[in-house]
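First the structure, in the form of C-alpha cells, and then the observations on it.
Labels for the chains are A, B, C, D, E, F and G, by order of writing; each one numbers its residues from 1.
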Amino acid sequence: MSWVLVLPLAIPFATAILAFFYRASRAGRWISVAGTALLLAASLLLFTQVFQAGVVAGQMGSWPAPFGITLVADLLSAVMVLITAIIAVAVAIYALADIDEAAEKMGYHALFNVLIAGVLGAFLTGDLFNLYVWFEVMLIASFGLLVLKGGREAIDGGIKYVALNLVSTILFLTGIGLLYGITGTLNLADLSGSVAAADPGLLTIIAMAFMVAFGVKAALFPLFFWLPASYHTPHFAVSAVFAGLLTKVGVYALIRMFTLVFDHDIGFTHQILLWVAVLTMVVGVLGAAAQGDFRKILSFHIVSQIGYMVLGLALMTPLGLVGAVFYLIHHIVVKANLFLIAGVTSRIAGSTALKQIGGLYAFAPLLAFLFVIAAFSLAGFPPLSGFWAKFLIVKAALEIEAWIVAGAALAVGLMTIYSMTKIWAAAFWSPHPDGIEPRLSHFSVAERRAYLWPIAGLAAITVAIGLAPDAFVTFSERAAAQLLDPADYIAAVLGAGGTLE
Amino acid sequence: MEALLAITIGALVAAAVYLMLSGHMLRFIFGLVLISNAANLTIFTAGRMTEGAPPLIAPGANAPPEGVANALPQALVLTAIVIGFGLFAFAVTLVWRAWGTLGTIEADEMRAAEPFPEEPAPK
Amino acid sequence: MNSVILRAGARYLAGLLLLFSIYMLLRGHNEPGGGFIGGLIGATGFVLYAIACGTADARAALRLTPEAIAVAGLGLALLAGLSAALFGDAFFTGQWLFIGETEDDKGLPLSTVLVFDLGVYLAVFGSILALVFTMEEEV
Amino acid sequence: MSAFLTICLDIATGLILLTSAFSLLRLTIGPSLPDRVVALDMMTVSIVAFCGLAAIRFQEAAFLDVALALALVGFLATAALARFAERARTKTEHMP
Amino acid sequence: MSDIIIGTLIVLGGLFGAIGALGLVRMPDVLIRMHASTKIGTLSCGMVLAGTAVFFADGSTIVRALLIFLFLILTAPIGSHMIGRAAVSMGVGLWRAPEDRPREPRDQ
Amino acid sequence: MNILSTNLLLAVVWGALVGEFSLATLAAGFVVGFAALWVVQPLTGATQYHARVLAWLRLIVMFVYELIVSSFHVAWDVLTPQHRARPAIIDVPLDVKSDAGILLVTNLISLTPGTLSLDVTNDRSTLRVHAMFADDPDALIHAIKSGMERWVIDAVEGPA
Amino acid sequence: MSARDIPAATGNGLVGILPVLLSAAIFAAFASLLPAIGMGSVLQWVIPWIPSLGISFAFLVDGLSLTFALLISGIGTLVLLYSNSYLAGHPHYARFALFLLAFMISMLGLVLADDLILLFVFWELTTFTSYLLIGFSHGSEQSRRNALQALFVTGAGGLAFLAGLILLGLAAETTRISEILAGGTAIQDHPLYAPILILLLLGAFTKSAQVPFHFWLPNAMAAPTPVSAFLHSATMVKAGIYVMARMHIAMAGSDIWMWTLTILGAATAVYASMLAVRQTDLKQALAYTTLMALGTLTLFLGQEEGYAMTAFATFLIVHSLYKAALFLVVGAIDKATGTREVDALGGLGRFMPVTAAAAGVAALSMAGFPPFLGFIGKELKYAGALAVTSEPVVIAGAILLANALMLVVAGVVAFRPFWRSQAAVTRPIREAPWPMLAGPVLLAALGAAFGIYPDLLQSALVTPTVVSLTGDVGEARTLTLWAGVNLPLVLSIATFALGLVLYAIHPKLREALIEITARIPSLDRGWDGFMDAIRRGSEALTHVIQTGRMTDYLAAMFTTIVAALAAGMIWGGLPGLTPIGADLTWIHLPLAALLLAGAAQTAFTSSRIAAVAALGVVGIGTALVFIYFGAPDVAITQLMVEVLVVVLIAIVMLRVPRLKAAPFRPLHAIIAAAMGVVTTLVLLAVVSVPLDRRLSDFFEAASWPDAYGRNIVNVILVDFRALDTFGEVAVVVVAALSAMALLRGGRSSEGER
C-alpha cells in the first residue's frame, strides 16, 4: 500500500540523480523526460487508488503513526500529485527546446526533478516537520533554477526571492517548534486531535504564525513581493513550473493546516484569511494592470488568483472548498501554460515586453489560438475551466451573502480580462514594431514539437475541464468533503500502522 | 532556563531583524545566521530543556535512564541546522554573485529585475 | 595559502580529520556522531587541505569530483531506503544483518540504516567540498 | 560527587566562562583584525574546556566528543579568518 | 583523593584560562597577546581535560582527552603562526616601549 | 618505517587478544609490542627504531614541561601591572628539513616560553620568531637550535 | 486592411460557401418548427451537463426564442453570403467566417438556453466572439481600442449579470429558466428580487447599449460592415433585450422594473436619435439608430399591456429586417466608393440601381411609411406608448420625436448617397455582385411583404412571442395596415410632417445637435481617461506596494508577522507566561549573556570581521546551550556548521565591500524589537504548559530493542524519521549544486553592467 505513495517521490529523485550524472550529454534531457513520464504513470496509479479506495496512508520505516513519518494521500493530495506530474511532463518536454546546454551542464534537469520531488513531498506528507523538509527541498531547488540563467535580472530577482522566502521558512520552522511545544506531536492527523487539548488562545497565535509563513509561500497580500520581483527573470520553463506549482504548495499547505488542524476558531482565523484573500485578489490584479511585460503581468495574476483559492478556503463552506480545490486544479494548468506560451512568444517575437513585440496573431495563429484558450480561461470566460472556478467561488460567496467579497471576486475577474486582452492586443493583434514576422516556422521541427505539444496538451486539459466540468466538480466535492470532515484521513493515518503497534 | 532563553531568543530575533532590514546584503546574511540560530533554539526550548542528560542508552541497558533530554527536538534541530546551512551557503554565494554582477551590495540599489519606472527595462 | 608550516600541518590534520570522521560515522548509531557529523568533519579536513595547498591539490587528493560524491551519496541514501522493497517492507524500513550473532551478543551489525548513514556522509561531505572548492576557485 | 568537587566545578566553570567573557571583550574592541581572530580562537579553546567541565558536571563522557570535534575543526575557522586577514591585504577589495 | 586531584586540576585549568584571556585583554600588542592565548590557553584546556580523564578514569575517556589535547597542541601553534604572519604582513606594529607606543592600525 | 608498522600490527593483535579495540587497549598493545620488538631486536638487525621512540618520549616530556613553564612566565607578565616585554622579531636558521620536523619545531617554539613562530621562509631555511624578551637575540637563537630543534631532529630524523 | 484594397474576386471558395450552407440549414431547421410553435407548443430539450451543480444543456423553443433564432440564422445566412464577396480574397477570411459562425451559434445558444448558467455561457461566448470580430482589423490601434471597450463594458455587465443569475438561481432554487417562469411572479416576493433585478439589468443594459452604457456600440463599428450588420443591429445587441423579454413573465410588473426600463428606454431612444442625426458617417448614423431601436424595445418591455407587447414583438422583427438591410447597403457603398461620409457621396443610384432600390425600400420601412412593415410597427408603437399606465403623453411624445429623427436618418442614409447629384465620382462605380445584393434585397422585400400581408407574421411569430412575454394569447393585438383613423394614425402623420421638416433643415439641425450633444457628458470621452486612470492608479498603487526595494519588502513582512501574532494574542489571549526565575541556576546567566553580547555586537558593529567573529560567538553560545542541555549531537553539528559559516563568509568577504557605519534606524529598530517581543511572549506561553512527551517516550523505548541504536537522536535521524533526513540531505546537495551553478554561471555575466 505504501509504495504507491513512495514512487512519486522516489522517481523524481532517481531521475535527478541519473540526470545529474548525464548532465554533460544529451541523455540528461531524455532521462528527465522519461523520468517525468514514469512519474506521471505512478501518479495515475496513486490517483486511481485514492479515487477508488479512499485515503491511502503509509508509514515510512514501518514505524507506526504518529511516531514514524506518514505519507498520505487523500483526494486533494492525489490530484495535486497528478497535476504536478502532468506539469512536470509538459515542462520536461518544453525544456528540450527552451533550456540551453550551458544550463544543462550546470544541472538544470537534476534541479528540476528535485523541485518536482519537493513539491510532491509537500503534497504527500502527513507530517508537519516533514512538510518543512519538502518545502526546503523545493525552495533550494527553486533557488538554483531561478539563478541558473545568470545575468543581472535573474540575480536581482534571485536576491529578493531568496531573502523573502528564507524569512518565511524560518517562521515556518519556528511555528513547528511552537506547535510541537504545545501538542507534543508532528503528525498532522494526530495534531488534528491533539489541538483539542491545547490552549485555544495559544493555538490561535501559532495558527497566525503558520498563516503568515504559508502566506508568503502562497504569495498573499502583503507578503507576495518576492513573486513579481522574480518570476519574470528565469528561463521560461522554470517560471512556468514555478508559476504552476510553487505558490500552490503554499495554498495547499494553508488548506491542509486550516482545515485539519487550525479549525478551532474559524471566526477569527478564517475571517482574517477572507479579507487577506480579497486584498490579494485586488492588489494582485491592479499590480498586473500596471505592468507592460508579458511575464510580469502573468506574475501579478498569480497573486491575484491565489486570492480566489484562499477565498474558497476562508469561506470554509462546502462550496467554498469545492471552489478552492477546483481553482487549484484549473489554475496550475492554465498558469503554467501561459508562461510556456510567453516563452515561445519571446523566442519568436524577441521579447516579453509588450511594447517590443506584436504580430503573433497574423503570423502564429496556432500560438494565438492556444493563448486565447489559456488567457481567457484565466480571465474566467465560459466555457473554459477558469469560468467554473470563478463561478464556484462567487457562488460560494453569494451563498453566504458575502456581497463585498463576491463583488470583489467579480471585479477582479473583469480586471483579469483587461490584462489578458492587453497582452492579446499588444502581442498578438498589433503589428510587430520592428516589422518582424514572428512565425513558428523559425523553429526546427524538433523544437516546434517540444514547444507546442506541452502547450497544446495543457490547453486541451483546460478545454476538457471547461466542457466537462462535472467530473471535476464532483471530484472537488468529494475532496472538499474529506477536508471538511477529515475523519477518513485521520483513520487512514492513525490506522496505517507499521509493524509495531 | 526556558524563560531566560525565551528572552534571549527574543533578543536574537530582534538583532537579526534589525540586521536584515539594514539593506546591506552582508548584514542581511549575518541576520540570517542569527535568526536561524534563534529558530533552532526556539525548537529546542519548545521541546523543553533538561540539563546534562543526553538521550543515550548505556551499553547493556534497554532504554535511557528516566528524565533524559527530549530526543525528538534534538533531531529536528539537527536537521534544521543542516538545512539552514544549505540555505545559508546558497544565500552567501548569491550575495557574492550579486556583488559581482550588479556591482552593489546594497539591496535597495538592486533594481535590475524591478527597474524604476522612468528607467527603460533592460533588454 | 603560501605557508610552509600550514602546509606541513594540513597534511597530517586532513588525514586525521578524515580518519576521525569515519570513526564518528561508524559509531554514530550508538554514541554522538553519525553521517552528518562525520561528513562535516571529513569535509573540514579537505577544506583545510584546500586552504593550505590550494584546491587543485585538494581535488587531486580527492580523485572524484565532490559534486559527484555528493550526488552519489544522495543516490546511496535513496537506495538504502528503496532496498526495503526487496524485503517487502515500507520505504526506509531498516534491514539488519548481525554477523556472528549469539545468545547475548548481537554481533557485528550490518544494516541498510548504516548504508543510509554512509549516503548521508558522502552527500554532506561532497556538497560542502563542492561548494568550498568552487568558491575558492572563483575568488 | 563530593561537595568539594562541586565547588571546584562551579569555580572552574565560572573561570572558564570568565575566559570567554575576556575573549569576547577583546573580540569586541579589536582593534585589528588579527586581534579578533585570536580572541575567537581563545574562545574556541575555552569551549573545549567547558565541554570537559560539563562532562564532569553531568558525569557524561559524551560531551568529550563535542570537545574532540571542536578541537579539530575550530582551527579551521581560525585558519580561514587568518588567511582572510592576509589576503585581504594583498587582494584589496576591488570592484569587479 | 581523586576528587582533590580533579578539583585542583580543573580549578587551575580555569585559572590559567582566565589569566590567559586576561592577557588577551591586557597585553599591549597583538603578537604579545598571542603568546598569552596560545600557551596559556592550551595549558588551561589540557589541565581541565586531565581532570576529566581522572574523573572518568576509563580507557576510552582518557584516550579521548589525550586526543583532544594532542589536536590542540597540533593546531594552536599553526593557528597562531597564521594570525601572527597576517598581523605582521598587515603591518600591525610591534609594541616598543610605553613612551612612544605606536598607534595600531585598525581593520576598518 | 617498517618497524613502526610491525609495532602497530602487534598493537592490533594485542587488541584482538584482549577482545576489545578501544584506543586504550591498542595503546597498551603498542607498548607491549614495542617491548617485544626491543627484545627481538638482534634478530631483525640494528635500527634506530628504539632510540627514536625514546627520543619522541623525551620530546613529549620536555615539551609538556616547557609548556607549563612558559605559561607561568606569561601569566606572571599578565598579572603584574607593568609589561616587562621587549619584543622583537628574530630570524633563526633552520637545519630541520622534513615537513614533520618543521611542523614540530615551529609548534614547540610557539608553545614554549617567550617565543612564537611567525613563519618559515619558502626555502625552509629560516624561521621567523617573535620573541617577547629579545634582549639577547643570539642567545635565543642558540637556545632554540640546541634545545627544541635538536630534540626534534633526534625524534624525527633519527639521533645523530 | 480596408475593403477597397482587396482585389476583386468572386469569393473565398469552399471556406466561403460552407458557412453559408451551414447557416442556411440551421435557418431551415428553425423554420420547420414554425408550424408547431405557431400552434402554441413549446419544445424542450434537456441533457444533463453538470448534475453536481444542477446545470444542464437545457434548451427551449417558444415564440420568443424562435423569433430570435430565425432572425439570427436568417440574417446570419445572408450576412455570410454577403461577407464572402465583401471580403473576397481576404487572407484571414477563414478566421472571419469561423468567428462569425461561432458567434451565430453562440447567439442561438443564448436565445434557446433554458438554463441560467447555460445562457450565461452563451452570453459570454457572444461577447468573446464579438470581441474578435470587432477587432478583426487588428492592425489599427483604434480597432483594438474599440474591441477592448466593447469587451470591457459588456464584460463588466456580464459579471454583474452572472452575479444576478447566480442569485436568481439561489433564490429560485433552480437554474432552469422554464421552472422559474413557471413560478410566475413568485420571485418578486423574494428579498433578493431587487438586487437580482438590478444585476440582471446591468448585464442587459450594457449588452444592449442602453444609456449610459451606449457608448461602446458606435465604436464597435470598427468591425467590418457585415459584422456590424449582424452583431450590432440584428443580434448581439438584442441579447439584452432578449433576456429582459425572457424574464418578463417572472420579473415584470414591479415598480422598479417598470420605471427603470421605461425611463432608460425612452432616454436611450431620444438621445440616440439625436446622436444619429448628428452623424455624417453612414455606419455611425445607423449605429445610433440601432440604439434608438433598442431603447424603444426596452421601453416596451417595461410595460405589461398587450399593445406594448405586440409592439415589441413587431418592432423587434421590423428593425432587424430594415437595419440589417441598410447596414449591408452601406457596406456595398463603402466597398464601391471607398467612403462612408455622407457629404462625399451622391449620384450612386445610376451605378448601383439594385442597391439603391433595396436601400429605398428598407429606408421607407425604417421611416415608417406604409405599406411597409415599419408603418405597422410604428402604429403599434404609438398604440403601445399610449397604453402605458403612467405618463403616456410624455412617452408618446418621446417616441414621436425619435421617430421623426429616424425619418431624417433614413433619408440621409438611403436617399442622399444615391440620388443627390452634386458629389463628384472619383472612380468607376460598379453595382455590387449578387451575393452582396441578395441580403439587402431579400430583407427589404420581406419588410414590404410583411407589411402587405401582416397576418403571416402575426400568426407565425408575433402572437407566439407575445405569449412568451405574457403567458396569455389574449394579449396579442392584431397587426394591420389600416386600423382606421385613430390617435396612432394622427401621431404617424405628425411624425411624417415633423420628419420631413427636419430633413429639410438637416444641415442646420445637424450642427445644432452637434452642439447640444457635445454638452452632454459621454462615457466614451471619459473612456480613455478611465482606462488611463486604471493604468495610472494601478501603477501608483503598485509603486507604493511593489517598490522594488527589498528593505521595504522585508519591513512589510516583519510588520505583518508582528501584526498577525499580536492580533492572535489580543484575540486569543496568552494562557500565562513562565516566570523568568523558574529552574534558573547561575550558570545559565553567562550562557545567555554570551548569546546576547554576540547578538548585540553583530547588530551594531561596523567591522565585518567583528561581526563575523561575533556571529561565531553566537554560534558557540548556541552550541553551549546544546551542550549544557544534553544535546551533544546537535552541539557538534552546530559547531561544525558555525565553523563552515565562518569559512564561507571569510571567503566571500575577500570580494564584497566593507560595511559602512550605518546610522541608527528607529523604525527598523521598532520593528525588530517588536519581533523580539512577540517571539519571547509566544515562547514563554508555550513553555508554560506541560509537554506531551509520548513521541519521545516511544523513541526511547524502541531505539535499542527495535532499531538497534543507543544514540536515540541518531536513530531518529536515520531510522524513525529517515525520510526527513533524506530530504535534508537533498537540500544540502542541491544547495551545493545550485551554488556551483551560480558561481560558475556567473562568470560570463560579470562585468555585464
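Everything that follows uses one rule, which is that contacts are C-beta pairs under 8 Å (C-beta built on N, C-alpha and C of every residue); 3 or more make two chains touch, one makes a residue touch a chain.
Here the structure is a predicted model, which means the values were calculated and not measured.
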item	value
Mutual neighbours - chains that touch chain A and chain D alike	B, C, G
Shortest contact path, chain A to chain E, counted in steps	2
Result of counting contacting C-beta pairs for E-F and C-F, higher pair	E-F
Geometric centre: closest chain by C-alpha means	A
Chain centre separation (chain D, chain F; CA means) in Å	25
Chain E and chain G: spacing of chain centres that average the CA atoms, whole Å	78
Centroid spacing, where centroids are CA-atom means, of chain D and chain G in whole angstrom	69
Where chain B touches two or more other chains, by residue	20, 25, 38, 42, 44-48, 51-54, 56, 59, 72, 78-79, 82-83, 86-87, 89-90, 93-97, 99-103, 107, 110-111, 113-114
For chain D, residues contacting two or more additional chains	13-14, 20-21, 30, 33, 36-37, 39, 54, 58, 60, 62, 65-66, 68-69, 72-76, 79-80, 83, 85-87, 91, 95-96
Junction residues of chain G, two or more chains touched	539, 543, 546, 548, 550, 554, 558, 607, 609, 612, 628, 630, 632-633, 636-637, 640-641, 643-644, 647-648, 651-658, 679, 683, 686-687, 691, 693, 695, 699, 710-711, 717, 719, 721-725, 728, 730-732, 734-740, 742-744, 746, 749-750, 752-753
Of chain C, residues touching chain D in the complex	1, 6, 13, 16-17, 20, 24, 31-33, 37, 40-41, 44, 47-48, 51-52, 139
In the complex with chain F, residue positions of chain C that touch it	2-5, 7-9, 11-12
Of all residues in chain E, those that touch chain F in their complex	16, 19-20, 22-23, 26-29, 31-32, 34-36, 38-40, 42-43, 46, 58-60, 62-64, 67, 73-74, 76-78, 80-81, 84-85, 88, 94-95, 98
Residue ranges of chain B touching chain G (in the complex, touch as defined)	1-27, 29-30, 33-34, 37-38, 40-42, 44-59, 61-64, 68-72, 74-75, 77-79, 81-90, 92-97, 99-103, 105, 107-108, 110-111, 113-117
Chain E-touching residues of chain C, taken from the complex the two chains share	1, 3, 5-6, 9, 12-13, 16
